[in-house]
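Order as written gives the chain letters A, B, C, D and E; numbering starts at 1 within each chain.
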Amino acid sequence: MVSAVMSAAEPRAVRRRAWLTNANAWLLLLPAVVLLATFTHYPILATLYHSFFSLSRGGASEFVGLENYTYMLEDDVFWQVLRNNIVFAIATVPTSIALALLMAVWVDKKMAGRSFLRLAFFTPTVLPMIAVANIWLFFYTPNYGLLDQFLKSLGFAGHNWLGDPSTVMSCLAAMVVWKEAGFFMIFYLAALQTIPPELKEAAEVEGASRWYFFRRVTLPLLMPTTLFISINALINSFKLVDQLVIMTKGGPNNASSLLLYYIYEVAFTFQDTAFAATLTVTLIAILAAVALTKFVYLDRRIHYQ
Amino acid sequence: MRQQGHSVETIAAWALALLWLLPVAYSLWSAFHPSEYATRFDLTAPLTLDNFARAWNQAPFARYYLNTVTLVTMVLAGQLVVATLAAYAFARFRFFGRDVLFALVLVQLMIMPDVLIVENYRVISALSLLDTIPAIALPYIASAFGIFLLRQTFKSVPNELVEAARVEGASSFGVLWRVFVPLAKTTYIAFGLVSVSYHWNNFLWPLIVTNSVESRPLTVGLAVFGAPETGVDWSVITAATVMTMGPLLLAFLLFQRQFVQSFMRAGIR
Amino acid sequence: VDLTMYYPVAVGGPVTKVIDDMVQRFQNENPDIKVEAVYAGNYTDTMTKAMTAMKGGQPPQLSVLFSTDLFTLMDEKAIVPIDEIPGADKEWLNSFYPAFMENGRAEGKTWSVPFQRSTIVLYYNKDAFKEAGLDPEKPPATWAEMVEVSKKLVKKDASGNVTRWGVEIPSTGYGYWMLQALAIQNGQKLMNEAGNQVSFNAPKTVEALQYWVDLAAKEGVMPKGAVEWGTLRTDFLEGKTAMMWHTTGNLTAVKEGAKFNFGVAMLPAKERRGSPTGGGNFYVFKSATPEQQQAAVKFIRWMTAPERAAEWSIKTGYVAVTPAAYETDVMKNYVKEFPQAVVARDQLEHAVAELSVHDNGRIYKIVNDAVQAAVTSTQTPQEALDSAQKQSERVLSRYK
Amino acid sequence: MSEIVVNAVSKTWGGVGGVNRISFKADAGTLLVLLGPSGCGKSTTLRLIAGLEEVDSGTITIGGRDVTHLSPAQRNISMVFQSYALFPHLNVAENIIFGLRVRGVGRAERDARLRKVADIVGLSHLLERKPSQLSGGQRQRVALGRAIIAEAPVCLMDEPLSNLDAKLRHEMRTEIRSLQQRLGMTMVYVTHDQTEAMTMADRVILMRDGHIEQNGAPHELYNEPASDFTARFIGTPPMNIISWEAGAVLGIRPEHISLVENGGVPATVKAVEYLGADSIILCDVKGETVSVRQTGYCDLPTGAQVALGWQNRHIHLFDRDSGKRRAGSHLPHRGFPLNERQ
Amino acid sequence: MSEIVVNAVSKTWGGVGGVNRISFKADAGTLLVLLGPSGCGKSTTLRLIAGLEEVDSGTITIGGRDVTHLSPAQRNISMVFQSYALFPHLNVAENIIFGLRVRGVGRAERDARLRKVADIVGLSHLLERKPSQLSGGQRQRVALGRAIIAEAPVCLMDEPLSNLDAKLRHEMRTEIRSLQQRLGMTMVYVTHDQTEAMTMADRVILMRDGHIEQNGAPHELYNEPASDFTARFIGTPPMNIISWEAGAVLGIRPEHISLVENGGVPATVKAVEYLGADSIILCDVKGETVSVRQTGYCDLPTGAQVALGWQNRHIHLFDRDSGKRRAGSHLPHRGFPLNERQ
C-alpha cells in the first residue's frame, strides 16, 4: 500500500533528476577516469598479462605460462634485491619516523629559533633526489670525500663507503632518512597542533610528568598519524630509486639494488620486458598488500572513535 | 630543573638542525668556490661564479629549465582541472558506481605511475608521444592524491553554504566555481606545492621517456651531465646541482612559512 | 636529410663539446644533412636509450654504441650491415686497424665502423716512482713486478692509514673489461666467435680474478671494496693512487689535470701482454630510410677520416682508428711532444677483441656483479665466477 | 500575495524521520514559527518549503503558485541558515550581493541595493570585513542582509539565533521581528526555543515526531495546551504534571501555585533556585516534584515543610494515555484535587 | 580546612589583560562563583589558583598552606575544564583513574574508588566507552568523575556547562551543586552566565577588566548592586538604567514597574514580548527604552500610551561617572523622580 503510493508519487520529474545527476557526475569524472584507466588500471592488467608471455629479441611473443615466475624464483638477483628492499625499508622507515617525531616535538615547542629549526629540518625534502644524490656521493667518496676527511681528521682510516657491500646500504639509508624525516615532521607537527592544550594542563593538575604525558597521551594520540606516515614511508621505500642511478647503479654486486631499479634494468637495459612485467607483478603485489593492511587497519580505527 | 631540560633539548635540536643543513651548505660552498677548495675549507677562499658559468656552458641548462618549467606547469594545470572536477563529483553527487569508482581511484595512491614504468612506456609509445614533455606529464595528470585531498576538502565545506548558494540561484557549476574552489584555496596551495616539487624533482620516468635535449627536464639533464664517468669536476657538478635545486630552494626559503602552514592546514593525512 | 645520433661519454674532459664542434663542421661542409647529436650518458645508458627508443618506434638513424653490442643489436634486428650501404666501399672499410674491426664483423658482414676505440693502459705517477726510489722510466711489465712496485709505492701516514695506494683497477661499470684484460694476459679467451659461449670459470680466468682480488686482500696495495670507474681518474690526479688501469680514452683528461709527471705503459703481462680493445663503433639503424643510411655513411666517413681521427685522438686520448691518422702532420707533431699518445696504439698488436656475446648487457652485468662480489670479498673468485658462468649459460642457452 | 500553503506534505528517508502528511498555512506578511524538540521535523519542513528537499507527496504553494517541483532558485525565496552560511572568502558586501551577482544584476543596481540594505541592517561601516572578523551578531546581520537584498516576499530562517549568546539573542529577535514587520515579509522561522517562539510569532506550529502537535497563537498554546506535550514544552519552568485519578493527569503551572498559610497540599522543600526577580522552589509532594515560582528572594531551607495552593481555573486536565486535553477542561466538579486525594 | 585565600594577586601579559591585585577568600566547603563578561579575568584567576599560570605578585594559600609557587600537582586540587579535556584515546574508566595511575595508587584501591565515583556520577554502565561515544552531559560527568576521584578538598571549574544545551545545563547545575555540598568540597566555579551564578553560588565574585566589581551573596548582588555595572549584569531582563539629574543615573528593575491608571510616567509601547507566565513590555520614555515585566498575557498594541509607576524603595541610584552606588541610596528626598522632571 505504502509502496504503491510511493511509486505513484515518484513522478517522472524525480527519475529524470536522478538520471541527470548520474550523467553530470560521470561527465565530471570522465577526464580522470580516462587518464587513470590509461595510466594505472590498464598498465596493471597489462603487466599481469605480459608476465605470462616471453618476448624474444626479435619481437615475437609466445605464451609461456608461469615460466617467467619460475625463472624469477630461481633468480638470485631477484631474491637479493627483494631482501635489499626489505632491509632498506626496515632501515629507513622507523628511523625517519622516530626522527620526524622528535623534530616535530621540538619544533612544536616554544624553542629559541623555532622557525629556523623547522626550516632546517624541512629543507632536504624539497630538493631533487638527483641533486641530493650528487651531494652525498661526494660525502661518501673514499679518501677525499667529506666523511673520510672528517674521519681522518679524527685519526680513523678512510673507508670505501659505497664500494663495500656491508656499508653501502646504511649509507643510502642514512641519506634517505635525511631527506624524508623533515617531510614526515610536518605531519606530526600538524597532528600535535590538534591536541588541545587543556589535555596537557589536565595531566599537569593530575601530577603527570612531561615524559609520562608524552608516553601515555601524546604518543597514543599520534597513532593515526604514525600509521599514515608508516604506510607512506613504506611505499616510498619501494619506489625511491633515483639515488641508485647516480650513486651506485645498484652495486657493488647488487648490494644496494632495489626492486624497482632492478625492474628498470631488466626492462630497459636488458630489454626483457616480459621478465620485467613479472617483477612488476611482485612489486604491485607487495604494494597491494600494504594497501590492504592499511584499509583493514584503518577501518578498525574508525570504529574506535 | 625544568629549565635545564629545555636548554639541553634546545642544544640538541640546534645540533641536529645544523647537521641537517650541512649537505646543502656544503654544496653551496663548493659551488661558489674554485675547485681547489672543493675539499678544503678556508674562510679566505675567494668566491667565484666560474663553476656556474662552466656548467652553464657545458650543457644546455637553459633548455632544461624551460623544459622543467613547462612540465611542472602542464602537470599542475592538468591535475588541478581534472582533480577538481572529479573531486566535486565524488564529494557532492550520489551516482551509480560511486564507491567502486572511488576505490579504483584510490588504487593509484598505492600503485603510482612511478611503478608502472614498463607498461606506461608502451602506452606512451603507442600514443606516439615519446620524447615529448606531455609524455612525462600525462601519467600524472589524474592524481589520486589530488582527487582524494580535494574531495576531503570539498566534503568539509558546510552543506549550508552550498544550499545558500543554491537558494541564491547558483547552478551546479556556479556552486563549484563560486563556493568550492575559493574555499579550497589552502588545499590547492598545498597540493600545488607538493605537485610542483614532486615533478620538478621527478627523475626515473622522465629519464625513460625522454631522449633529447628538447624534452629532458633538469633532473635528467643533471644526471646525464654529472655522471661520474665523465669525471667532471666536483665544483662544476655541485654548481649544476645548485642550479637544479636553486629555484625550488629559493622559493621554499622565501615562502617557507606559507609552505609549512598550508601543508598543515590542508590536513594532508 | 635529418639524422639523429646517440653517443656515450665514458671519459673525462669536454667530450660533448668536441663532438658538437665536429658535427657543426660536418654540417657546414654538407648543408643538406642535419645531424642531431644526443649525449645519452655512459655506454649502457646510451644502449638503453637507443633500444628503448627503437622499441618505442622512434629509433635514431645512427649511434655510437659499444662495439660489443653487435650481437644484441643483430638479435634485435636493429641495424643494417654497413657494407651493404652504397658509399661504404671495401677500400674504406679496410683502412681501419684490423683489431678494431674484429668486433664489427659477424656472419661474414661488416656491421659497424670503429670510432672511439681504446685499449686499457697503465697510467703511472712518475713523481711517485721517484719518491719511492723506483725508476720512473721502468713501469712494471709483469704481474709480479706490478705487485712488487705497488708495495713500494704505498704510502701511509703516522697513524698507519694509507694515503697513497700502489695501484687501482676499477671494478664498477667496466669490471668485465678489466677482468678480460687480466684473463688475456693469463692466456684465456672469455668467449667464442659466435658469441654464445663464455668461459668465466675457466681456471685461468679464476686465477686472473684471484690476482686482482689479492692486490687488495693479500698484498694491500689496492683499496678494499669496489673501485669506482668514474672517480678513479680523480684519485690518480689527486695522488691517492700511484698507478691506475684505465682506458686510453682518458689520456687527454689526465694530461690536462695532472700536476705531476706521469707515464703511460702497456698493461703488464703474465703469460703474455694483452688488453681487450674497447669503446664504441658507429652503427646505422635499419629503420632509417635509404637516404638517411647513405647520409649516415657519409657522416661516418667524414668523422673517421684521418684528419678527424687524429683530432679526435688528440682531444680525448682514444686510439685513432686508422693507421693513416698517425701519418698526418698534426698527429706526428703531437706524438713527438707527447709520446704517451701512441702506447695504446702500440698495444694493439697484443690486443684481443672485447668480450662480445648475445644479450651483452645482461652478461656484462653478470660479470660485473661477479667481479664486485669478489673484490668486496662477498664471494671467493671461484664462487663468483662459477655463479657467473651458470647464469650466463642460462641466458645464452637461447642463442645456441 | 505571498502566503505559503503546505498541503499534506510527506517526506521520509526510507520510511524513517522526516515529516508525515503535514498541512498548514502561513498568511502573507506574518511570522510563523515552527517549534519543537530536536528531530521533530522542523528543518525538514523548512527545507521542503525552500526546495532543498524533494517532497514524497503533497503540494506546496507560495503566493498561489505551485512550487512543489521547482528548484530553490525558482521559488523566489530567501533563507537564513543556523550558522549563517556566510562565504568565508567573501567580504560583507560580496556576501550580501552574492545572489545578485549570480543572477547577473547590473553593477549600478547592485551597489544601490547594497547601500540600502547595509543601512537597514546597520553594516555600512563593515562592508570590507571578512566574516571571520565579525562578531556573532554582526554575522547574523550579514545573513539577514543577504536574505533581504533579494527582495523575495518569503524569508525562511532555520534557528538563526542559536549560535548567539543570551543577551545578543534577545536583541536580535526584536530586530528580526521588527524587520519582518517593516518589510511586510512572510516569514517561516524554525526554533526549538519556546521563549523565542512565544516572543516573536504571530502563529506557532508545535511539531513532534514529524507531525503537527498544535497550531495556534502563542497565548493559545500557553493557556490552552492541546496536550500534555505542549503543556510541558511551553513555559519555564515547565508546567507541573501530576498524576491524578485513573486515566488522567493534571497540569498546573509553577507561577499559578502559591505557598498558603492554612489548607493546601503539604510539601517538603527540596531546593530553592534564586533567580533575582523570582525564586523557584522545588517541592516534593508524595514523591513527585512540583516547582513553585515565587516573586523575589526566598530563604526557605531545604527540608522545610510548606503548603501549596492554587485556583481551580488554572488547572489543566489531560488524558493519561493519549496525552490529549480533556474536553471542557479546567476541572469543574471537584474542589481541590490534591487535597481530596489525601 | 581547605579554604582558599587569594591575596593581592596580579598577573598580566606584558601589562595587558590578566588580573590586577585581586583579593578574596573562598570559605571551606562553599561554592564560590567567579562571574563576569568575557575577558574580565575569570579564567586567569582560576588558573592562578590551579598553578597553571605563575603569579606576578601576591600570594595564594589553600587550607592555610602557601601554594603560590607550587606546581599544579602539588596543590592538591582537582579541575574541570570547559571542554572537559578528556583523553580521547582512553575509555571512561581510564579517564577517571588517570590521576590515580599517575600517582601510582594500587590497583585494588583504584578499582574501589572508581566504582564509588562511577556510581556517584552515574556512569557505571558506560565505563568501557570512549569519550567520542558519549553525549555532552555524559562527558561532563566523566570530567566530574575525574575531578572527584582525587578526593582533593578543592575543585576548580572553568565554565563546565557552556558546551551543553539549555535543558542539560539546568540539570547539571543542580547535580554539581548537590555533589559539592554532599562531598563538602570547596569549589571555585567560573561562569559568565548570571543565572548559573545566582542559582548555584554561596558567594559570587563579579569581575570586570581584571578587578573585582562586587563580592557578595547572590541576593546581595541582586538587591544591592554596588554599581550600575552589577545592576545591569544581574537579572533578566536587566535593570532599567535611566539618566536622571546631573551626575547620577537611576536604576529600576522591570519587575518593579507597573502600569498605573493615573499619575505615573507616560510612556509609549514599542513592543510586547509574551513569555507565557509574564510579558515584557518595552516602552519608550522620552527616548529611553524601559522594560516592564507584567504577569500573564498582555495584548497592548504597539504605539499604545501607558503610564508607569513604581515604589520608591525599589529605586537604585548610581553615580554617573564612577558608576558607584550612591551612599544611603533608595532615593529619599524626592517623590516620583521621572514625574518631577516633566
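General remarks:
The criterion applied here is as follows: contacts are C-beta pairs under 8 Å (C-beta built on N, C-alpha and C of every residue); 3 or more make two chains touch, one makes a residue touch a chain.
All values reported here derive from a predicted model rather than from experimental measurement.
Number of steps on the shortest path from chain B to chain E, with steps defined by chain touch: 2. Greatest Cα centroid separation from chain E: this falls to C.
When chain D is fitted to chain E on its Cα atoms, the angle of the rotation, on a 0 to 180 scale and to the nearest 5, is 180 degrees. Summarising the inter-chain layout, the chain whose CA centre lies farthest from the centre of chain D is C. Comparing chain pairs A-C and A-E, the larger number of C-beta contacts belongs to A-C. Centre-to-centre separation of chain C and chain E, using mean CA positions: 91 Å. Look at where the CA atoms of chain B average out and do the same for chain D: the two points lie 54 Å apart. Measuring from the averaged C-alpha position of chain A to that of chain B gives a distance of 16 Å. Contact with two or more other chains is made by residues 121, 208, 223, 228 of chain B. Of all residues in chain C, those that touch two or more other chains are 52, 55, 173, 228, 231. Residues 50, 52, 71-73, 77-79, 81-83, 85, 87-89, 98-99, 102-103, 130, 132, 146, 150 of chain E are the ones touching chain A in the complex.
Looking at the complex, you find that chain E touches chain D at residues 166, 174, 178, 193-195, 198-199, 218-219, 222-223, 234-237, 253-255, 271, 273-278, 280, 282, 293, 295, 297. Only residues 5-6, 9-10, 12-14, 16-18, 20-21, 23-24, 26-27, 30, 39, 81-83, 85-86, 88-90, 93-96, 98, 101, 104-105, 107-123, 138-139, 141-142, 144, 147, 172, 197, 200-201, 203-204, 207-208, 218-219, 222-223, 226, 228, 234, 237-238, 241-242, 244-245, 248-249, 252-253, 256-257, 259-260, 263-265, 267-269 of chain B touch chain A when the two sit together in their complex.
If you check the complex, the residues on chain A that touch chain C are 56-59, 76-77, 141-144, 152, 155-160, 162-165, 249, 251-255, 265, 268-272. Within the complex, the chain A residues that touch chain E are 196, 198-199, 201-208, 212, 217, 220-221, 223, 304-305.
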